[in-house]
Amino acid sequence: MKSRQASKRLKNGLFLVFFSVVSLAYLMPIGIVVINSFKRKAYINKYPFSLPTGRDFVGLENYRAGVEAIGFFEAFGWSLFITVGSVSLILLCTSMCAWYISRVKNRWTRAFYYLCVFSMVVPFQMVMYTLSKTADSLGLGNPLGITVVYLGFGAGLAVFLFAGFMRSVPLEIEEAAMIDGCSPPQTFFLIVLPILKPTMVSVGILETMWIWNDYLLPTLVLDQKKYKTIPMAIQYLKGGYGSIDWGLMMAMLVLAILPVILFYVACQKYIIKGVAAGAVKG
Amino acid sequence: GRSESSSDSAAGQGKVYYLNFKPEQKDQWEALAKEYTRQTGVKVNVVTAASGGYESTLKAEIAKSDPPTLFQVNGPVGLSTWKDYCYDLSDSEVYRQLKSEEFALEEDGQVLAVAYAIETYGLIYNKDILRRYCQLEGAVISDASQIQNFETLKAVAEDMQSRREELGIEGAFASSGMDSSSDWRFKTHLANIPLYYEYRDEGITSAAAVKGTYLENFRNIWDLYLNNSTVEPSLISSKTGDDAASEFALGEACFYQNGTWAYEQISGYEVADEDIGMLPIYIGVEGEEDQGLVTGSENYWCVNKKAAPQDIQATLDFLEWVITSDEGRQSLAQEMGFVTPFKTFGEEYTPDNPLVKAAEEYVQEGKTSIGWYFTTMPSDQWKNDLGAAMLEYAQGTGDWDKVKTAFVEGWASEYQARQ
Amino acid sequence: MASIRFDHVVKTYDNGVTVIPDLNLEIQDQEFVVLVGPSGCGKSTTLRMIAGLEEVSGGGLYIGEQKVNDLPPKNRNIAMVFQSYALYPHMSVYRNMAFALRLKKLPKEEIDRRVREVAAQLELEPYLKRKPRQLSGGQRQRVALGRAMVRDPQVFLLDEPLSNLDAKLRTEMRAQISTLHKRLSATFVYVTHDQTEAMTMGDRIVVMKDGRIQQVDTPQALYDRPKNRFVAGFIGSPQMNFWQTEVLRGPEGWRLRGAGLEFGVPGWQLEGYEGKNVTLGIRPEDIHAEEVMIKAHPDALVRGKVSLAERMGSEIYAYFASGSQKLIARAPARTGIRGGDEVVMALDLNKLHLFDADTGERIPRQG
Amino acid sequence: MASIRFDHVVKTYDNGVTVIPDLNLEIQDQEFVVLVGPSGCGKSTTLRMIAGLEEVSGGGLYIGEQKVNDLPPKNRNIAMVFQSYALYPHMSVYRNMAFALRLKKLPKEEIDRRVREVAAQLELEPYLKRKPRQLSGGQRQRVALGRAMVRDPQVFLLDEPLSNLDAKLRTEMRAQISTLHKRLSATFVYVTHDQTEAMTMGDRIVVMKDGRIQQVDTPQALYDRPKNRFVAGFIGSPQMNFWQTEVLRGPEGWRLRGAGLEFGVPGWQLEGYEGKNVTLGIRPEDIHAEEVMIKAHPDALVRGKVSLAERMGSEIYAYFASGSQKLIARAPARTGIRGGDEVVMALDLNKLHLFDADTGERIPRQG
Amino acid sequence: MKKTLKRWFPLFGLPTLAAFTVGFLVPFVVGLALSFCRFTTVSDARFVGLANYKSILGDGDFLHALWFTALFTLVSVVLINLLAFAVALPLTKGLRGTNLFRTVFFMPNLIGGIVLGYIWQLIFNGVLAMFGRTLTYSPVYGFWGLVILMCWQQVGYMMIIYIAGLQSIPGELYEAARIDGANPRQILFRITLPLSMPAITICTFLTLTNSFKLFDQNLALTAGQPSNKTQMLALNIYDTFYSRAGWEGVGQAKAVVFFVLVAGLALIQLYITRRREVQQ
């Protein structure tokens, strides 16, 4: 017993050490962003890797100035609204849709599935103007409307992911629910959804990241006269002649990724192991 | 007139939607718009496209139901894309107030675009370093004013480069950053000079094909930049305009090719404002002693022809207000730092930008300004190809013939592709 | 009214295999029907069609007067115990059992009362908070059973609900289910492989083979008068002994000869079989080893050496061969038969079964 | 050498529940041991520890001479049939069965031969190409069994391998497994709830309860001399009848009184129990209803009305009450007992079991 | 079940379908139509037939971009998936620090492609400067730079999907395999991998299309330098849109060609991997 535990501990130790090293290397680029967010801009280009010391250290000045320059908090509000709204809508609608097309198999659902796949393949350049035109003529150029655009544009990936994972849910469990008197919506919400939770969380994370960081789509679709998201706002730190205020940029980047990291960490614990275990024989 | 539109009923009242090109001036435009609205009740929206995203934003926005009424093009080539959307400004106040018709873009007798900002570029230099150089033993010159042609510039630069330790600098020229976000300094601005001389020889202002008469001179100045710089030529692709700006700002280089707009970036560091000067870019052409700086505009206003009539009117009114009212002039000149081509801007509206002052001095000295002919370059593709060839030449992976090919043959084929 | 009627029902799976070619069956309201048959004969499929989980490929399925081919499961008011349990992995035992009731929006106390009552019956109380994956096989099966038992449906479907329980618990559960049946006034369809369950629980037993019904009858009738050789062999454990015999006409009536034996079968009418073979069947408990029984049935005695004597506690299953014919007899433990013993046993000729050698159909005894 | 030894083995699950507090057991090389016990008593856990699937929380587990607490499963040379099957969903039946052999890199023909042989034994040939989800419950279980049977391990673990099969198939399978045991010379550990399997297949039976071993003995010994009341009640179906009796000293020896009966028990030494209660146990088959048997055992007669007569084909289970004491008797079908009958039955006093009323321990019969 | 569910299309399918139509289908079809037009904006298109497509044929850069992209896709799809799976495996074993490491590997995704491109450009150039070179010195550097950047960014993303896939495999199957005598490697190849097929399908598909469509990173890291030798298809299309007046239609046509290519590839890939999946 001891030897097994010992070897296990050794293995764990090795794992820890190895992954810690890799992690540090992995984080380096992000570290650079953080470090430089405390530097004065002229020094960032010259000495990107040095720690902010002495004359190039400006403390939180970049953060303060950046927040002011781009109207960070307003942009943050819209970003939050759009991201939360769109991701919720996507998760809800596409998981339902994916369930539908993987349980009702016919020509139409299969066709729709492949359309979803296609939508991921299409280069954005091909649809960007037509998308902005369509959204505009339907009056979707506001934060509420853009959630619908995101749903439509993000449906491909989400449906694809959900449909893929739907296969590992044993059918018998859903049948049991039907017998217990569940209507399809109840079966879905009370049984399928909880079992798919890890997938939900994963898809949620991926979509959140996409929407939170997305620049082009909101630029094209949103009514810029009224609304700005963080990525749109951050763009103003780039000057007309290709010069970029890296100090403010880095600071704003740090602020922009913080919420997503927090969100991710919070979601981690829902990615639990083997939810369907013990449910069926076979 | 303004009084009419402001007295219109709310329903018939037009509104202005300005799609601004320059992120640097975003705040000033918004403030100005607010002020105008406060005064007249006419709604003015200002949206600023992100850097590098103007064309795509404009393409998307102008197709929407509520399109920009005021947008901008960067010159004749840009205009050709948008000419179908340009309202004829012949009768407008902005056109009438131009100091010279030269500052408007016309086609088929229609005035389609009006420049609103005049900018100047050349070789920005650090007077302090140059002064220190002149005091050195055996300096090639004794005063900055002696640099009047390419030979002198070359001699000075090479001497400075070899004595950079003594001067406490890292190179005569700031790095010629060819990063794709900043290579316009060379592939367009520098290439403008040989182009200018060729046009001058031919007596034209645009061309379907070029000969590349002055390409050797172009090579000389490019070599000079590369060989007497803070970095190895092989590393320039990793350098940006910002790098160069900070090298200059931190006093590490003496010369830095850029324009009046660079003032923001370089002021406030190691170089004092009064030490910032600007020289013409000499490339070794006969009689270049009389050459001045490169002055022109890349910023032209266009009014959207397809907007609602009352919106067009409101936009014209707004523009008039901008160039005639105190608030407008103050903002344009002092806050945005533009030199404008309008008669309404007198002496008092000169920005306090040492580079602008330097530019004015040259004009007053009677030197010939060089125009911004790069706005006639056939396409961005041409510029990109030229830039790529220049870079390859610089880092030693390509030869000068490629630059020639890109310049001469590329011009013809791109010009053709445009049609 | 929850009678169930299969009217020429056909079921073909997606892979093209027709597992139920033509099913006709009528189950009365409130009847308790047991479905038995070899593994893979289509019992679960039949149940799943009643539940609405499998589409009927042809024919009509009626619950009460209503044709339900297209009725979704939840509208059929059915409870079902799945052969593979199909527990909700993300819910505790309690929530698994309460689920159907919560859907019906019963009051909380009512749900709690019912769940706890059933949990107590199933001896599941200590596990109410656990998730299915933390349970033993038998516990899982009881949860599956409990989930159905809390409900109040018009049809109750059970697919081998007790297969993973021990004998004692199984006896108790059997009683529970019978009680439930009485209380609920629902129609029960019960699939089992356990002879005891089949014999004791059902009003009628349906014997299936390859998707076809072989016989539908009360348990005792099935046991005493199996309709064909398959049913005779399938019901009863150990299996009935079979052998081929030739039909002879003797002076006192019909005689049978085979496997070294010859005896008269006075009560039978074998007209038409003379000189042909018929299959003779006799159950192991009708082969007697005890002196007193041998005396009572002296007509057909078999002799042989016991090759294996399985001691089952109260009984011994004696495997022996009379000539080339292998036989099993079921003798009380007190006979003390052991492997290797030479034995003489008597066939109880009153308990003979005869089957047509070709069709396997039962030959009825007359008079 | 594949003897298996549990030396003070403890098993505690992650949720902190100790399901095996202290297990000591020695299984001989090539022995066939059957594990029985109520649902949830720790049988599967025990098997899984032998397999190496569950870590041993304390004590030592030995296979042969080797302590295997830390040996990974694949080095233990074990075959196992899982209670929940655990078939590979992505492999056909054939590939499921061939999997272990392919891992051992046996030649293709050898694998094919073995798989087909076992498939034939299990009547799985028509399904070799199917995926598990296209099989019926019993077919899946047979695949699980087949997957183990193709192998040639030193220890064979079977967790209720026949629970979903019908009686006939089960009888055949039982024989197959016995044959396999003889051929393989491996050690078999077999978990079952089926009394027939337990009684017929094992060299020894281990009876567990709440993770503790109650008795380890040969089947017949277990049946005849259960060590305590739990074992007595657990083995045998229907269950043994129990009631409390008072021990009296009569002139001819010890007497028992309880539930309206009083009789002498000459063969027993009940010194020390005088005036106290002991639990009396008698199996249903030792309560006789037939005239001839009543005559043979006239000492203790019970009378009562039959509340339920379960007809089991060859037998009838008669539930009746003698006074307040409920009893089950197992009578031959020929007695024709029916519910509602008034019956007189005789207890076979030679077959009595007595247990200490407090500890439940068996009181041995002497002389 | 199928029948019961079918009627619920308005609830389950319709919202997504409607949004999909607005957000994708309509723009896509109009976009398709635009590829046959000459236009500046969507509203002023003029039909020109196949002219745009003809212009593509003579475009050498486009062909080079095609090969470059194909090669890049091949290398990065293989590398990203191998690495992501290799990272996901130990991170589903419940070891200590798992959550932390998952977060770390995921973090690169939190920063948009353009900025990442710039940061990596700094790093690469910093390293290459020691050898007197830069990233755009030769297309080879650019190529591997892109590969490294993509791996760095995408591994965490794919890891998430692989983790979700790995966790849906019932634990009993591992047990059965261990009993059957499989060593860890065999378990990996015969149980884990086949049963992770849904995740593998998804990930190869995503990496395939992501690599093929790569734009931001390409733009920021090399912008096609030197001489468009590291220009990928999306960037080529983008350049076509903006680098010449009046070439919007050609860009659109290129996008269509590009779409047809990727769709074909993706379908083949889907067909191959989907066949290996099973419903449990």
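As written, the chain order gives the labels A, B, C, D and E, with residue 1 at the start of each chain.
The criterion applied here is as follows: a residue touches a chain if its C-beta (ideal position, glycine included) is under 8 Å from a C-beta of that chain, and two chains touch if they have at least 3 such contacts.
Computed from a predicted model, the values in this text were never measured in an experiment.
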item	value
Other chains in touch with both chain B and chain E	A
Contact pairs, highest-scoring chain pair	A-E
Rounded Å distance between chain D and chain E, as computed from the means of their C-alpha atoms	59
Gap in Å, rounded to a whole number, between the CA centres of chain D and chain C	22
Inter-chain centre distance, chain A versus chain B - centres from mean C-alpha coordinates, in Å	40
Centre distance in Å when chain A and chain D are each reduced to the mean of their C-alpha atoms	56
Two or more partner chains touched - positions in chain A	129, 133, 170, 175, 178, 215, 274-278, 280-282
Per-residue multi-chain contacts in chain C, two or more chains	52-53, 72-74, 83-84, 134-135
Residues of chain E touching at least two other chains	1-2, 4, 41-43, 170, 172, 241, 277-280
Chain D-touching residues of chain C, taken from the complex the two chains share	13, 15, 36-40, 43-45, 83-84, 130, 134-139, 141-142, 159-160, 163-171, 193-196, 199-200, 219-220, 223, 233-239, 283-285, 292, 310-315, 317, 330, 332-333
Interfacial residue positions of chain E with respect to chain D in the complex	170, 172-173, 175-183, 186, 190-191, 194-195, 197, 276-280
Chain A to chain B touching residues, read off their complex	41-43, 45-46, 128-129, 132-133, 136-137, 141, 215-216, 219-220, 223-225, 232, 235-244, 246
Parts of chain C lying in touch with chain A, wherever the complex brings them together	48, 51-53, 72-74, 77-80, 82-90, 99-100, 103-104, 131-135, 140, 147, 151
Sites on chain A touched by chain E in the complex	12, 15-16, 19-20, 23, 26-30, 32-33, 48-49, 93-94, 96-97, 99-101, 103-105, 109, 112, 114-127, 129-131, 133-135, 138, 140, 148-157, 159-161, 164-165, 167-171, 174-175, 178, 184-185, 188, 198-199, 201-202, 205-206, 209, 213, 215, 231, 249, 253, 257, 260-261, 264-265, 268-269, 271-277
